[in-house]
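There are two complexes below, and they share chain A, which is joined by chain B in the first and by chain C in the second.
Moving on, here comes the complex of A and B:
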């Protein structure tokens, strides 16, 4: 599993496009697009995203971590995953 | 008590040679004297066919001097007229005429055969062409029903009924809203008070006769000896031509839905708007998005603008005069204003108790302009009215409002257009108002449908003028700046012009059926 920031972003973006944004132009989802405050992920989709991240990267999220501080943009998500992976290793 | 057709009698005595009506589509006119004679002639033909007081007369004709005379002829005969949309399917019109058991029908010649086929039951006979005294545009056939030996409507009080307007019910079956001469008069008299119409005024008649906006156009105009300009079904939808007629006929009083005004401001731009004679512009029937209202007021800065509010069941029961200028950043629609004289409204909770001032509740209306009831629907009538402990009869409008700090009612939405999403109450109209602020959105309509997974799915249909289709990501981000997250639609669907009902309101039923 390649865990550099760029590949995390690419694979999370693929997941988001496929699951929540079918038919959308991939270019409109940038590393800085606000996913939660921008209304793109509602609470149910956010939980689905977290489940995906946990399975894909073998990390765990506590309930209080599921928020826009950790998951607001693709950049934030990659950073969160890297921190969690580092802590586990 | 005064009857509606007596306005025509009075004006015909006072202004016999003055133009009463102009058919702008066909380029013909009639004086007050001629219109009165025409109405008398139709009354005689109806009486000869056996029509008596308390009967109903169907009118299925394009808007024309002939159909206008038909309304007055029916009233003169002591009957209530039942106008229908002559462009609607014959099966629907036949359903309406059979529902209220019309005694006779004035039907345009080219529609007679189709309508007869749908009326079925062999009750109607063709009594021949209606005789007109002049070429008034539309040849019409008189259909006459055999009198019924027993009336199935024992519970319906037909005395002093003036007209029955059928509105589409939420169940899909149209309901007949019965208005008496008295309930129409209460409204017409209030209009006289509000803007002091006079014989120099020229009124637009944009709404079809089956639409309640027509009551103001026709009767306020005729009462004051003004000139009524009939804008027929096809002319009514051509903004460039409408703009020309407004100028050439020197229309002073305009009344229509906001959507027509918007069309005028977008596509009627070539006209010399600084020369218009308009002094009052009324709009009603739906919320006027502020960005479009602003464009109309920029096009015609001189007239006074009024938002008239009221379901068909109440005539107009509240009104609001739009200030001549307002902040450029304003996006929320204007209030529906204060009670019309003669009517009283309250904001009520679910038990019918008035809520504390400023609280939200359903608007109840009581007073002279409220309908007698729905034709032959005792159950619906029982549900439609709240009877207070003093016997006061309040029509429950189904509209949720609150009183703002200026004492005006603010319209918050339809009770039946409020949905719960993730536990929050969502008013679909509020989402529409937010979408209207998008530069590429010229029309927006939002519907909610139940969904197994998400509880409710909110879809926004957009008349979209942008080059590319709306991007879900961009639209959600746009909405997130205007709305709480739980109100952001799940889907944004570009559809071109939104589907409309025959009264030019957004057809939500059709949108709900779209995938």
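Moving on, here comes the complex of A and C:
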């Protein structure tokens, strides 16, 4: 699994486009597009995203870590996964 | 795939059923009529370990896995005719003791779990508000940081055990900007804390021996060690507790349906019409055959979902499926049992009209069935 920021962003973007934004223009989802405050992710889709991240990157989120600080944008998500992967290593 | 129970699980279910039949049912008609909660029976349930089934033994619980917990509650549901007591135990156990056990600080677990497990304490879950029920995370209650803790203000309603509880698990907004994920925090609050008021019980249709009411928080101070699972983790913790509640209350429904079906069979074999037992008429026997289908299919759904608790986040969808299916099966089974009993079915002394009244709330509490269908659709990408 390639865990550089760009690869994580690409993989998560693919997942988000397929799962939550089918038929939308991929260009509209940038590294800084707000996912939670922008309404792309509601409470259940946020949990679905976390499920994807946990399975894909073999990391674990505690209850209080599922929030916009860690998941608001593709940039935030990549940073969070990298931090968690580093802590696990 | 092996669907058989272990000897231990079978004995556990039988033990709970027998305990409930022998110890909890006397006076159930009167407690329903008068809307009385029995502290004595609550303590007996505590002695039996019901209020702490999945809680670790170190903290006074029975240390059961989720599937065994569901199987024990199936036995409880089969034997217990006091649906209010049963509902009070489930709300206390699944929405309070379980999240405290999974997410409480060391201090909180040590201080409260033994009492929650042995029946010394009664807990209430404070989530629903007058303006947020199905959209539970759009709550008005607020918790503001204050030195070594938080100050909570808000009003929770339709809270099971609210009027009699010593301890509350309550959720409040700690960061409005973050919304559901990250903006809501769970707290453990002693109900004697200054500023917290418990209302009188509400009158209601079913499970009338469970006390339901309002909790009013006016600037209630809670020390920071009473935060559940970290600031901002409230929605995830609440969702997890609802997964437990939806699955394990459905296990009680399996037991209740089994009991109703057995009563219907017994009646259909002995009650005669036009010279034959009514069970010989397909209008009756097919109803009972459908009851059997509902019992077995619900049981399979419950066991499957219970065996997945804590193992996969998407078990939330299984919990919703179980909740919808079990509650609708219970309502239908209760209604058809009354119908099979005819005029005797609506007499209070036969305890079937009560079972029917008790079943109605099941499609409403723990999240309405409409909301459960929304959750299922959402997990399906719709």
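The rule is short, and it goes like this: the second predicted complex is superposed on the first by the 89 of 89 C-alpha atoms of A that agree within 3 Å, B and C clash if a C-alpha of one lies under 4 Å from a C-alpha of the other, contacts with A are read in each partner's own complex, and residues count from 1 in each chain.
Keep this in mind: a contact is a pair of C-beta atoms (placed from the backbone, for glycine too) under 8 Å apart; a residue touches a chain by one contact, two chains touch by 3 or more.
Since we're looking at a predicted model, the values are computed, not measured.
In the superposed pair of complexes, A:66 makes contact with chain C only, with no contact to chain B. Shared-chain residue A:28: touches chain B; no touch with chain C.
Contacts of A:43 after superposition on the shared chain: both chain B and chain C are touched.
Annotation for chain A, partner touching more residues between chain B and chain C: C. When both complexes are overlaid on chain A, the residue A:6 reaches neither chain B nor chain C.
Residue overlap on chain A between the chain B contacts of one complex and the chain C contacts of the other covers 36-37, 42-44. Taken together, the chain A residues at the contact with chain B in this complex read 21, 23-25, 28-29, 33-34, 36-40, 42-44. The residues of chain C lying in touch with chain A in their complex are 103, 137, 177-183, 229-237, 239-240, 312-314, 316, 375, 378-379, 381.
Looking at the complex, you find that chain A touches chain C at residues 19, 36-37, 42-48, 50-51, 54, 62-69, 71.
Within the complex, the chain B residues that touch chain A are 422, 454, 471-474, 476-477, 479-480, 483, 485-486, 488.
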